[in-house]
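As written, the chain order gives the labels A, B, C, D, E and F, with residue 1 at the start of each chain.
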Amino acid sequence: MSPNYIKTIARPSEELVRKLGKHGSATVHEAMGRIGAMRSSIKPLAKGMKICGPAFTVSAPPGDNVTILKAIHEAKKGDVIVVDFSRITDSGPFGELTAVECQTKGLGGFVTTGSVRDSKEIIGMGFPVFSSALSIVGTVKESVGRINHPISAGDVVVNPGDIILGDDDGIVVIPLAMGEEALAASDAREAKESAVKEKLRAGGSIFEIYGYQKVLDRQGWTEA
Amino acid sequence: MSPNYIKTIARPSEELVRKLGKHGSATVHEAMGRIGAMRSSIKPLAKGMKICGPAFTVSAPPGDNVTILKAIHEAKKGDVIVVDFSRITDSGPFGELTAVECQTKGLGGFVTTGSVRDSKEIIGMGFPVFSSALSIVGTVKESVGRINHPISAGDVVVNPGDIILGDDDGIVVIPLAMGEEALAASDAREAKESAVKEKLRAGGSIFEIYGYQKVLDRQGWTEA
Amino acid sequence: MSPNYIKTIARPSEELVRKLGKHGSATVHEAMGRIGAMRSSIKPLAKGMKICGPAFTVSAPPGDNVTILKAIHEAKKGDVIVVDFSRITDSGPFGELTAVECQTKGLGGFVTTGSVRDSKEIIGMGFPVFSSALSIVGTVKESVGRINHPISAGDVVVNPGDIILGDDDGIVVIPLAMGEEALAASDAREAKESAVKEKLRAGGSIFEIYGYQKVLDRQGWTEA
Amino acid sequence: MSPNYIKTIARPSEELVRKLGKHGSATVHEAMGRIGAMRSSIKPLAKGMKICGPAFTVSAPPGDNVTILKAIHEAKKGDVIVVDFSRITDSGPFGELTAVECQTKGLGGFVTTGSVRDSKEIIGMGFPVFSSALSIVGTVKESVGRINHPISAGDVVVNPGDIILGDDDGIVVIPLAMGEEALAASDAREAKESAVKEKLRAGGSIFEIYGYQKVLDRQGWTEA
Amino acid sequence: MSPNYIKTIARPSEELVRKLGKHGSATVHEAMGRIGAMRSSIKPLAKGMKICGPAFTVSAPPGDNVTILKAIHEAKKGDVIVVDFSRITDSGPFGELTAVECQTKGLGGFVTTGSVRDSKEIIGMGFPVFSSALSIVGTVKESVGRINHPISAGDVVVNPGDIILGDDDGIVVIPLAMGEEALAASDAREAKESAVKEKLRAGGSIFEIYGYQKVLDRQGWTEA
Amino acid sequence: MSPNYIKTIARPSEELVRKLGKHGSATVHEAMGRIGAMRSSIKPLAKGMKICGPAFTVSAPPGDNVTILKAIHEAKKGDVIVVDFSRITDSGPFGELTAVECQTKGLGGFVTTGSVRDSKEIIGMGFPVFSSALSIVGTVKESVGRINHPISAGDVVVNPGDIILGDDDGIVVIPLAMGEEALAASDAREAKESAVKEKLRAGGSIFEIYGYQKVLDRQGWTEA
């Protein structure tokens, strides 16, 4: 049997994280070939929250947060805690106290398929938290889960060390091995989009710039 | 077979649009006899966004946005693009680039049964967008849909040229032929509500002003 | 048969309401032994709205708001109207007019399992309203419901006079008979959490402070 | 503080239960004045299951079924266990073993806002079970709930001893004090509907039999 | 203003209805170019129910069924009543009595975006009914809707006289003007699929028969 | 970059599959320590369908089924195709033709997070299919996905070769490396439950057999 907690994980370089963090989640998702998008119901607690860092993954038993507390205790500066809280969205295993600990330690953020509470206090602190909902329903501390195993979160497989990039639009998971490639492709896409934006501001049209009439014509498009 | 794109549509006068746009969506919905309310899950990207203009309708195949790009290319100043993206809410066929094109052209807004992305940038631009969700999931450009056919959007039939009125409370669709009538009824309703509001601020009660005790008594209301 | 409207109800003291109102909903929920949390989809119209007061309960027939208007007419200063609108979330029986009446009378707030409209105006007024959604769909005034009977709202039984405490995280219902006890337990919990917060800011860890390694060890936790 | 388990509850007579059980849930709901209908997502495990008996109510902590086991141990022949499992529908606290115990004891049925498992075995046994979903996710046995307190289940208040009547259409809760009245009204309604059915089979029309053209005319109905 | 009830509508020939009725809903949907599919949550009351006939459309106010009763009274043999009950799925405006009337008159079926009740009796009668859910919640008879106007049902525009084809997989709406064309395309598709099925039973593969490796190769497919 | 299709995967022995297949999904889930349960909305097309075999995993782009056809072409006898169709439940990429191919090849079953069509025909054939919904909405064949990569399906990570066990209650994913262990634990659990069942049929009580009064007493349980 594999251990509950896998202590050693690979992580991306700080520089890669910093550079990827300048891109939007939608840009990187597109640039990677449209993979890695978590379900859009996992949202930031407040507009404007941005998250970017290596995943420190947690599988928590339904309604139980003791493994989450262990993970926060063990994670390194910059890590993003990513919790598979299964399908329990009406229970809040993360609140002000845990956010204070995370922020004091310099963690990169907290992402959960479940809920959180003390939203006002957390937003006031400015610590980036992404969740499915808010809930005041309490948790217990009786059963154990797993730390740094591959998890399923928001319909995406997350491996420890994968780069978690989130903003108002949602979260994209960048596999660690694809990090540099994703960055290069995102830079290229961004440059291309900037050029297009200029043309649009000058009165251009995406439909014309990309020549999409051809797509329509191929399908026998008719007008009248 | 009818053509994919119907180029000529009737539109309301600018004056009618301007006057209806001063009313709230709830007022016009009530004034028209409680019809035309889209499902409430189609919401503005940010509180305070207001939309009012003739519908330029699009039926897009699931996950494909090439017909949407064509529609943006063809729509006139003031038009509101209304997209039936079927039941696909986890795909974002509209983002910053398309919003820049729409705003440069002076379109009146964008409404979709699906999702959008680049929410921060779009909100920053102030272009009014109403959608079911945010999603970074990309689209393809392979299949064609239809432009300016009657569509079903948010459980309401929308004909091209119908007036789309949306605010924080949601969207109401005003059939083109009912426009003047809807305006007159809304004006009347607004005037009446202003008078009632004055009475309420002076300590009055809606229940008494409208004499609703009669409704209760008709049903044998009892108190103890 | 019991009467439609029960006129006399017990209420908590103003002092108890005032003191409970200083606590967050999550704190009181935990302090009471994790009971009384309404479903988290019932949310404030705007972040920052706080509600605390005795419940004035209403059972309204689907899509009909005449009983709600009667209740607003009858409620006392400080009361929180709590409406069981059954499962109808796409109908808005409460808007600007009703909010003006509530605010003029000094009511403590309005909570509904259904929807409301005129959200912009109500937020502008600052009157605290909690609902499942926004909807412009109108209501009728034909059937009667009940006032001050026990109701089910958000999966919680609410008796008239129970204390309704709501904030950004959601709503907790405090049974009237448990009020003083809930306050004492909340005060104690708050004091304890403040002490823990200090330790966390000094670099401590919840996991260590509470000694949760024991929980893990009991279950045969392994690391590698 | 009230005790966890209230041992003594009032129950309806066996004769009343037997007679009410001959009616459909929709009939009794209508006859009682359209109250007491649980949300329609709480359904029988298999078409044809019928349930009728006094409620033995349980509030179970999320994901924990020890209180449910206690309730099954304590309930009397004919009782229907009704469980408020809060909003946790992805956890199955009831399966073949518990069903065998219930059936051996002659309990009247099992209703839960949560899920159950071993559906094939339970259906094979013919023991009537109503739930929101099926789920194999396990439960723990660590926290205590309450037995025979008023609960909220499926958006309805259920008091111990209330009569639970369920069939393919759903569940209606008949307050104990209204039992006789509900029966008489249901009998009357049934008789009336039988007469109407005869007329319909002879080619009659509900619209004409009840004279509903008057309702339309009152509202200014037009035809063309 | 248009009248509430439009008495004269075009209908497809009986032969066209009979022939289309031999096809499955999925076949016709594909053959028509992938349009007209209602949302899949509108399902037959029991597996095996088949519906095919001209739409007799109804817009009913939320929770009110008097217009539905009028429509049943007015519809012709073979017609399929299609009801836009807006977003109200927890109310059952159709039950045994209405089904008896429909069946006696020889109507072709009943489709609603809302709910129905008396499911056991209706299934026993064999009258085909498609709905979103079952619900015992009653309706009122106070407000009027519209008959034979274009409606939005299940995210599809339905015009009176359009052909409604439904089976276990769901419902497809065939615009009246496309009826013959849809039939021809469906026949062709069926014939083609029969041939493919033979090849598959002989050990063939869809992937090879249609040569889809080319699609993969175009996108740079790799294997290892 | 990893290849789209990983051709060589490890598989469990036929004997292990056969033996695990005799257990229910709930039993194995519990025996493994409560992991691996897919979300309960992924259900068999018809009651009684049983699935057990090694996963042949597919990631399909939204609304595109060409990769699924490739996978069916490549899978081995006994394999269970498991498709991550992202969040698109209103599109049916699997129907009668594909089912005929799967059955002819002797595949073990088909599981998708999306929808299927031709349900009647597939049920008639007896080929086991598990899906989130039925839908007639068609798919395209333009974009490529991946085969035999780890996927997220129903909130569980599925690796190629993991054992997929499904029945009426839902699906459990048994990691390949845990197969033997899961079997032994399931056998043990089954034996134990059989013994308990005997005691229950003789009038015993789960609550007493397992001595759960101790749990209640630990928490200060009170009765009155």
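Things to note:
Keep in mind that, in the parts below, contacts are C-beta pairs under 8 Å (C-beta built on N, C-alpha and C of every residue); 3 or more make two chains touch, one makes a residue touch a chain.
In this text, all values refer to a predicted model and were calculated from it rather than measured experimentally.
Fewest steps needed to get from subunit B to subunit D, stepping only to touching chains, is 2.
Traced through touching neighbours, the fewest hops from subunit B to subunit E number 1.
Think of subunit A turning onto subunit D: fitted on CA atoms, that turn is 180 degrees, to the nearest 5.
Inter-chain centre distance (subunit E to subunit F, centres taken as mean C-alpha positions): 31 Å.
A straight line joining the Cα centres of subunit C and subunit F is 40 Å long.
Centres computed as Cα averages put subunit B at a distance of 42 Å from subunit F. Under the contact definition stated at the top, the residues of subunit E that touch 2 or more other chains are 1, 34, 39, 61, 86-87, 90, 137, 142-143. By the definition of touch given earlier, these chain pairs are in contact: A-B, A-C, A-D, A-F, B-C, B-E, B-F, C-D, C-E, D-E, D-F, E-F.
Across the complex, subunit A meets subunit C through its residues 1-7, 66-67, 69-70, 72-73, 89-90, 92, 95-98, 100-101, 104-105, 115, 117-120, 123, 133-138, 141-144.
Against subunit D, the residues of subunit A that register as touching in their complex are 61-64, 86-88, 90-91, 137, 140, 142-143. Subunit A makes touch with subunit B in their complex at residues 24-26, 29-30, 34, 37, 39-41, 43, 47-48, 167-170, 172, 193, 196-197, 200-201, 203-208, 210, 212-213, 215-216, 219-224.
Across the complex, subunit D meets subunit C through its residues 1, 34-35, 39, 59, 61, 84, 86-87, 113, 150-153, 155-157, 178, 181.
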